[in-house]
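To start, the structure itself, in structure tokens.
Chains here go by letter, A, B, C, D and E, matching the order in which they are written, and residues are numbered from 1 within each.
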């Protein structure tokens, strides 16, 4: 399998002088084509930073970063919808920017909103939605980008367990069908085990790769299966140890 | 409406104001004011009364100031005075002395030699309905050319401020302009214009009013003594210009420089002075004719100018100096 | 365990309506008639108060009526004006010029604003010049206008455009500068570049500030026009600017006030247009009180 | 498992610096000298290009030099001006008036803007009037100014304030209208009411739009001042406005251009002040690149 | 114990006419003084709406709502920090609005930032923080309000498990010490059971109270204890049934 994202010894520093903050410290990570990699780590450890570097939104301060993909889509931690567009307008915009025709846009946006369970809300404005609904629109928009590398920053953080389960299934289906490469940030260890081929653990500030777990359970998995729970417990313990080490 | 229309009792030594606020323009047609201030003639005759100068760039502002009580007296052209008289129904002001005569005319481009050549041409005047505007329209009418208020007709009459007119003429955007001094001389000397009509030639004795001195009626009624002193200063200034022409030119130009930061070029100054005549005679007849002309070209509603002059004080001053009195008669 | 008590939705709605009236510029509820009335009565009241105060000052004989004429005189003059076809020709002429000039200024200002905020060296070079130009009195542009365009309509347009375009550009620049970074990042991820970035992100995101720039631009263009109209007098219809100047020159106080009122009314009508756009925008953005 | 390879932080920093130069108005990095140079060279280049173009037009003899004088003549005049103490007195006088008037306009505009955006009936009543007033040419205020304040400095101030305050008010109103609802709700929950709400929430949140309103207000106040200074002419220190008018009346093209340059320079200097404030603000809000 | 929040038959409708959306439908709920009540429900079921009604930010469309408390604090779903203030400035503002003096403000803000584990970040600007860190600043701000009724809308949604555990403990301590009444929205059933005296289940659009679970496990509880897990599983089943019913 070919490598799609190669992060090699990457460092990211924000600011300069005495105010500088080292967000990522010599991080190395490779993601192969079609892989589903989940990132775990404490709050503020640099997960979002890493994604924005991969998406090319920020410059690295050191190391090398290599992307082999046509198109990278990023679903931000905040929904960041455009208030001047309706819900379906937000989704359609992503399609439009790829040159999809008007009729196709409308149809595809409708389908995507169906997938995120927001069928009847296409005509609403973002401010008329609840937090979780906005997040789902952002998901639909990210999917609409039709990218081959999909970066997702806590995409299901504001969703209830049931909706989340449904979207896990949908995401897994789309990932498989479209042979996407996914880099997925989450705080939910079970979710990571449920979805990932690998789960990568980042240390607290500055972010470093702490451990890289391979998840071998056969798919389809269920989030409340005992295998997932067991693996999640193992990872949690490792994480807990890290936090404890850091706190001391 | 309580004021009765009676000639001011020019009781010498009547009430004196603490200050008098006098308006004038930093303009060569206001030379008696410029010279009077510069040489201190007003200060001399006013004695204890303080002179507060106010300068304006155009007649409307001066009349507004007079109306609002911001000034007590001002040098001004005949047309704003007539308008002010008519708008205030004869309540706001009185003309108490003349100041300047002559110094206006029509300057045109090369190739225009007769009135007939003006057909289809653009001629600028300083303001709709002002003295020169009226003069131009009346002259056109006499020569069988018509011009309407909106710039249409055989000849397009365009009201434009002097700066615009000068530049437009220099660039050939207009074909001529009927303007007062010093712009008349500038058009001729700087932009190679040709004097087609010297307004002097249109008037009896070659005299017509260009500037005169007006006083607010309220002030006149309250402080005739102060007005008298003002007029004394004015007469002194006019006489000085008559007798010491060269020095007067220098004084006027110095005052202009003081007020506007820039003096006139010597050749323009000399040419303008030559065209102008400074006199305390208000040349009343020309004012009446001008008003009639304005009525005839529909720029003024019929107005009764009777009583616009109050030359009692002026004549008192003149008599005291052994000079002939002047008249405010229409003919 | 929802109770069966029937709630008085109507009353609550009304309360909420009153609340909205108090806090928000425009109530969202209520029938059309009431909405119009709500926005009309304060205006009428304000006008009534202004006229009453004016009349009082006149009655106090603070100044003679030829300096400060009373409302009755002025409205008589105004009525006379409004019944002259000539006057309407002038208004039409002036408004045509105003709109043409303004649209031109908007087009030019938008292009300049977009260019300046896009290219750093351009911004460093002429960013400040834009405000500098704005502070130039229109009258100082006359010589240049005559130089370039003689005494043609184009000279007027030049004065109007150079008066208004900087405002439009500044509004856009300030709007662009304040586009939240998150949106810019979203745009980048969505693959917006060059024109499409402006079309789909920058312009809509900076619209509020842009609209307020347009409003200011309108004010500048109108003021410049009033001055510029003194440059060129086209036979036939006498423009509002020339009329205003004449009213002043002829010392007709009541005519001057009439023209002040005319200009105010035109200004207010245009402002209402802008406000309609603005309110629609705010509603779309979800900024009006619920 | 962080690798031990030493990365070239320096180079990356430089790259990032270049990137910022390209995208952001001001690079954040680099030493002071380079920063100044970065913002200075485009300006110098622009000035050089403008002067060269101007000289070329003059050399082409498109217009006689008394209509369009060359840079050499103008700069000679300008130099002469700059060495007259009288001129500086005038500049001082005018700037003093400008600042006083502007500050007054800001104070009044802020109060009106805040009041109008706070009370719906007030907004309905006079909201549109504000833009209406703005479109009034300053010259139309002269009669009223003289009526109220005679020929005093206050008359000038009146013209300046009435020219600039509406802009300030409009900037504030539009800023307030676009304060995100979430922040308003946060403010409410934090117990902000009345003045403290304005002090702690509304004013800072609408600051960007307010600053751009101030900028426009400055332009209006300066333009009004240039006209207003013709109202009262104090012999001795001749104000810039009066000087400009005189330059025009005297029809000295090179003097007119000199004054255009003087006013432009003042306008640009003031704009730099505003930009400094604006940049500080954008940095605080996290809107500057990286 | 006295009732602090009495929600009686409350209805909330957004918009009007054909566009109207019924967000809450005859909801009744009472919260006693010192109670810790957790709200659970599907995304978009009206939880945030309910909190904003209790906080007095929106008008109810029907029913009655009664609050008996000095001061209500609300921690919003989005952090909504003021960008023109530094992190500690944001927290201090809440104190300032209660008339706390300058020196006290500084000290108290420092303590609160310590509590949310953001000791060294007081001088940063909100845009320099990660998503989870912003949420914690918002928590500190809400605590700074010194209210007796605390409404929290998914306060820990963007936090990793460890940080979340620590904040659970802190919140529980503060709640106990200051005798707060807490209304707490979450999507994490375990979290609800870990913290709540009661867990209230809302139905999907329009929101109705579906069930009100009393949690009797003695405190201190641990989120990974078997009791919490068992109770959470029970509630999850109930919730799942509701979603299924709704989907059909």
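In this text, a contact is a pair of C-beta atoms (placed from the backbone, for glycine too) under 8 Å apart; a residue touches a chain by one contact, two chains touch by 3 or more.
Protein identities per chain, from UniProt: A, E = ABC transporter ATP-binding protein; C, D = ABC transporter permease.
Treat the numbers as computed from the prediction; the structure is a model and nothing was measured.
J.: Chain by chain, through touching neighbours only, how many steps does the shortest route from chain A to chain B take?
T.: Between chain A and chain B, the shortest chain-hopping route counts 2.
J.: Taking each chain's centre as the mean of its Cα atoms, which chain lies farthest from chain E?
T.: Of all the other chains, the one whose centre lies farthest from chain E is B.
J.: In terms of CA centroid distance, which chain is the most far removed from chain A?
T.: For chain A, the chain whose C-alpha mean is farthest off is B.
J.: Any idea how many Å lie between the Cα centroids of chain C (ABC transporter permease) and chain D (ABC transporter permease)?
T.: 19
J.: Chain B to chain C (ABC transporter permease): how many Å between their CA centres?
T.: Spacing between the chain centres: roughly 41 Å.
J.: Distance from the CA centroid of chain A to that of chain D (ABC transporter permease), rounded to the nearest Å?
T.: So the centre of chain A lies 45 Å away from the centre of chain D (ABC transporter permease).
J.: For chain A and chain E, let me know how many angstrom lie between their CA-based centres, rounded off.
T.: Going by mean C-alpha positions, chain A sits 26 Å from chain E.
J.: Would you pick out the residues of chain B that each touch at least 2 other chains?
T.: 64, 68, 163, 167, 171
J.: What residues in chain E touch two or more of the other chains?
T.: Those would be 14, 78, 127-128.
J.: Residue numbers in chain D (ABC transporter permease) touching 2 or more other chains?
T.: As it turns out, chain D (ABC transporter permease) has residues touching two or more other chains at 63, 67, 142-143, 147, 181, 245, 248, 253, 285-286.
J.: Which chain B residues qualify as touching chain C (ABC transporter permease) in the complex?
T.: So the residues of chain B touching chain C (ABC transporter permease) come out as 59-60, 63-64, 67-68, 80, 83-84, 87-89, 91-92, 122, 127-130, 148-153, 156, 158-161, 163-164, 167-168, 171-174.
J.: Mind pulling up the chain E residues that touch chain D (ABC transporter permease) in the complex?
T.: 52, 55-57, 71-74, 76, 78, 80, 82-85, 93-94, 96-98, 125-128, 141, 145
J.: Residue numbers of chain C (ABC transporter permease) touching chain D (ABC transporter permease) in their complex, please.
T.: Going by the criterion above, the answer is residues 21-26, 38-43, 45-46, 63, 67-68, 117, 120-140, 142-143, 147, 166-167, 170-171, 174, 177-181, 208-209, 211-213, 215-216, 218-220, 222-223, 226-227, 241, 244, 248, 253, 256, 259-260, 263-268, 270-272, 274-275, 278, 282, 285-287.
J.: Can you list the chain C (ABC transporter permease) residues touching chain A in their complex?
T.: 182-183, 185-186, 188-192, 196, 200-201, 204-205, 207, 281, 284-286
J.: Can you check the complex and tell me which residues of chain B touch chain D (ABC transporter permease)?
T.: Contact set of chain B toward chain D (ABC transporter permease): 21, 26, 53-57, 61, 64-65, 68-71, 162-163, 166-167, 170-171, 186, 190, 258-262, 264.
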